[in-house]
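Per-chain residue numbering starts at 1, and chain names A, B, C and D are given in the order in which the chains are listed.
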């Protein structure tokens, strides 16, 4: 079965979701992953968007986080203050998806600047809601291509907290969520060890450890239980290609 | 007391050089028509605050109206970078003040409710707190733990686009309600642009739907299609093609200037802008109805 | 996942002796049916929290279910005193904890939004702050001024009556929306009683109307007329005569006991209670329709 | 023209309202006073109820602060948190009406207890919203019968702040509103002097200073500009009796 990197990442992200999870969704691959999970093993998944939409059932592929198709047919809409406080800060969100220009060895994310903050070499969009999602969702997942420049040992700017310098430092910070529980790339999946260091937990079919090491900016430790992911199934790919993104905008 | 104004009058009366303005609406009902009028009236040195500056502040920046931006996510939503603002920041030509979304909205919440600060729980992320001295910590007197606080944001003017309001300014909105209410209550002046000006009876038939009350509104302007290229739920769709096109336009100073000349300076008002967009665009953005199930308030 | 329960099951499952409960609703949609079921199930040592204890907590107190009350206004609204609660307090037989309305609601707001406290501006009134050690002061780090703070209130169970919800618990309410949302989000468990259980499509036709989402709801109970002697906007009127009658009943231990015997212990459930009220009362509380003007969400 | 004490107080309270005022209304006489003002000199009065109702146009006499007739036909309804924070705390309310068991020389109100707080002789209903109304409305008015037991020199418990012990003490307290600007009784009107002490500012027709003194628990100072109120007009009484409270519930 043939599939591309976006499909591979989306399918693997979908499989991390559990039935009944309340997910704080972003557009693009996280949205596809959630809709895929809902149509396969997690029919009771509840999708929440930071625009304040709860229980969205988008009839078309949303192209922005505030697309009107998210609202029509949703179960509830609330203000931004409410979605961040009554839902996220209160602890009503099980899963958050995150992205960013850089992810480091302890799962910290930079989405703000490359270079000095006050005289930035590259000015990125900034946190948006990701600082709070990373801090307060019970578990977070990151979907990103696996490239050395995206995986530095240490990020220039911590927009969203992973485990900071150690699991213990995150715990001491007062952030309520458990932090990043998986980084899904096109090569495999990294997961935190007991120190909060992201280690190689799974390889996608056909990928070896050297390929991971070559594309990561630090010496990657390997899980004692390193596993291989199952390739995307025909049904998963069919749903993605025919139902969810038929014009191939994200996949 | 009718507060009806033309948009041109309202901007003239309530937006001044050097003001802090908040054009509200998270992705939805972004008041582009008002921004274009601000550009036409050549307002200067504005501090523009918005969680997501979006194309609306990219345009204001391109036109030279902006001194400073206060924001939490500076991107072209669903497309990528906001090239013009990003560029002036990278060139050191614009001031900025940055929060997370919740930090930004908490500032509005404090401003809107008259509080001197809003508390937020810790997220563990240290860098922005270090970069922005407005973000402080205090001690929770009950547990001794530390809490993040942000100060109120009280803009000079909030501009809010709504689906329907009466001539007094009682405004009802549905779909994504982002931070419109908070922005309006936080600001010294409020300008409403509306798809429809309706009889007071329509508003009074569903008081729970009213988000902004007349008592805080200064000007009401009837401006259909004021949110294009964003959208108004139930009225027209988001013009995703334009969001993509802007990514192209905003790459060249010449193209930006041409676009401003043609679509802002070159039209008198939003009616002319909408006409100029043409039938094909009108049809592309049309939406078929999907009505709410009515409710009964009871005739007491 | 359907959360449908009978009210009797829901109270059995989620209300336990010693719990802190919050029966929500400011004057409107007070969940009397649930309180009567709590009395029938002989729950004890409850801490009952409500801005306005109203007749609902006077009844619970009369039945011996209450150990402590947390409140901000203890009166029979529009009539006078809440005789039973007032009496046990004057006799030193009940604990109480007291706030102003805004203090009480700020506690719920903190509890509902996961904050360790809510700030409130100073009102100048010193006595309650002195009497209640839960009310503290902190310093605003921006101005150095003092601000009042109250701690979060996180009840074990919130009970909320709504006009309509689906079987999952997505609930829509209109009319006075008091503190229902805040009480539900603040509590560990949420029991909904509803005038109508509707198809999910009805809820999804108007998502902005949804106040309580299914994800925080434990039990959904179909209980028409659950709010009598208070009212449900659009469904039936407030029984002002009963509020007056209670002032009379609650003056005598014997009358109270007779009333409980006849109207609480003597009926199986709310259906039987409503039947027993009789046609004259039904007609007196009937209300003619006054519909909301519908809105269009657009079929995107 | 014959009128009773309730009518006299209501008419005089109504006259204190200005066109365009946003008023935080209670049921009973304040509600009647506001509706009377709206039908006479203040057609643009906006009535707000602490239940969260804005721009109410009640078609019948509301018997409780949360009567459904306040909602049907109102311009807006919001939550209690919002009405107290976005409206009152933010400074959007011009006028508040207050009542209470006791009002003292500096306009402080007791609505909580007679006697010791922890072992109350008489337990009263408590603050409700009056602590915030007294603190934050731009101006407050009190409507009350003029009886010695209701007007002690000093209240047992300050539920709602008047001027505390002096105008300066209120200012230092951080309360944003100007405090009680008038106490309307069935004998006359008390108003604060520059120290915040409530002094006699107006007498109703037929009342003399001795009658005030006999019914007040402190030595009442008299304004240098003591005025006499105009008696209720035929039109004011007609509106009250025929339109607003035809069955005589409050008047």
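Everything below uses one rule, namely that a contact is a pair of C-beta atoms (placed from the backbone, for glycine too) under 8 Å apart; a residue touches a chain by one contact, two chains touch by 3 or more.
Everything numeric here is computed off the predicted structure, so don't read it as measured data.
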item	value
If a chain touches chain B and chain C alike, it appears here	A, D
A-C against C-D, pair bridged by the larger set of C-beta contacts	C-D
Mean-CA-position distance for chain D and chain B (Å)	40
For chain A paired with chain D, centre-to-centre distance based on mean C-alpha positions, whole Å	57
Mean-CA-position distance for chain D and chain C (Å)	28
Junction residues of chain C - those touching two or more other chains	114-115, 120-121, 145, 174-175, 177, 181, 208, 233, 237, 287, 290, 297-300
Touching two or more other chains - residue numbers and ranges from chain D	53, 67-68, 71-73, 77, 85, 89, 176
Category of the chain touch graph - line, ring, star, complete, other	other
Sites on chain C touched by chain D in the complex	26-28, 51-52, 71-75, 77-78, 81-82, 86, 89-90, 92, 98-103, 105-106, 108-109, 120-128, 131, 145-146, 174-179, 181-182, 231, 233, 237-238, 240, 243, 287, 290
Chain D partner contacts - residues on chain B that touch it in the complex	1, 112-115, 166, 168, 170, 181, 185, 200, 203-204, 207-208, 210, 213-216, 297-300
Contacting residues of chain D [partner chain C, same complex]	27, 50-53, 63-68, 70-73, 77-81, 84-85, 88-89, 112, 117-123, 125-132, 134-136, 157-161, 164, 170, 173-176
Residue ranges of chain C touching chain B (in the complex, touch as defined)	114-121, 136-143, 145, 147, 149, 151, 163, 172, 174-175, 177, 202, 205-206, 208-209, 233-235, 237, 287-300
Interface residues, chain A side, partner chain C - complex	20, 22, 44, 46, 53-55, 57, 59-60, 67-69, 71-77, 85-86, 89-92, 176
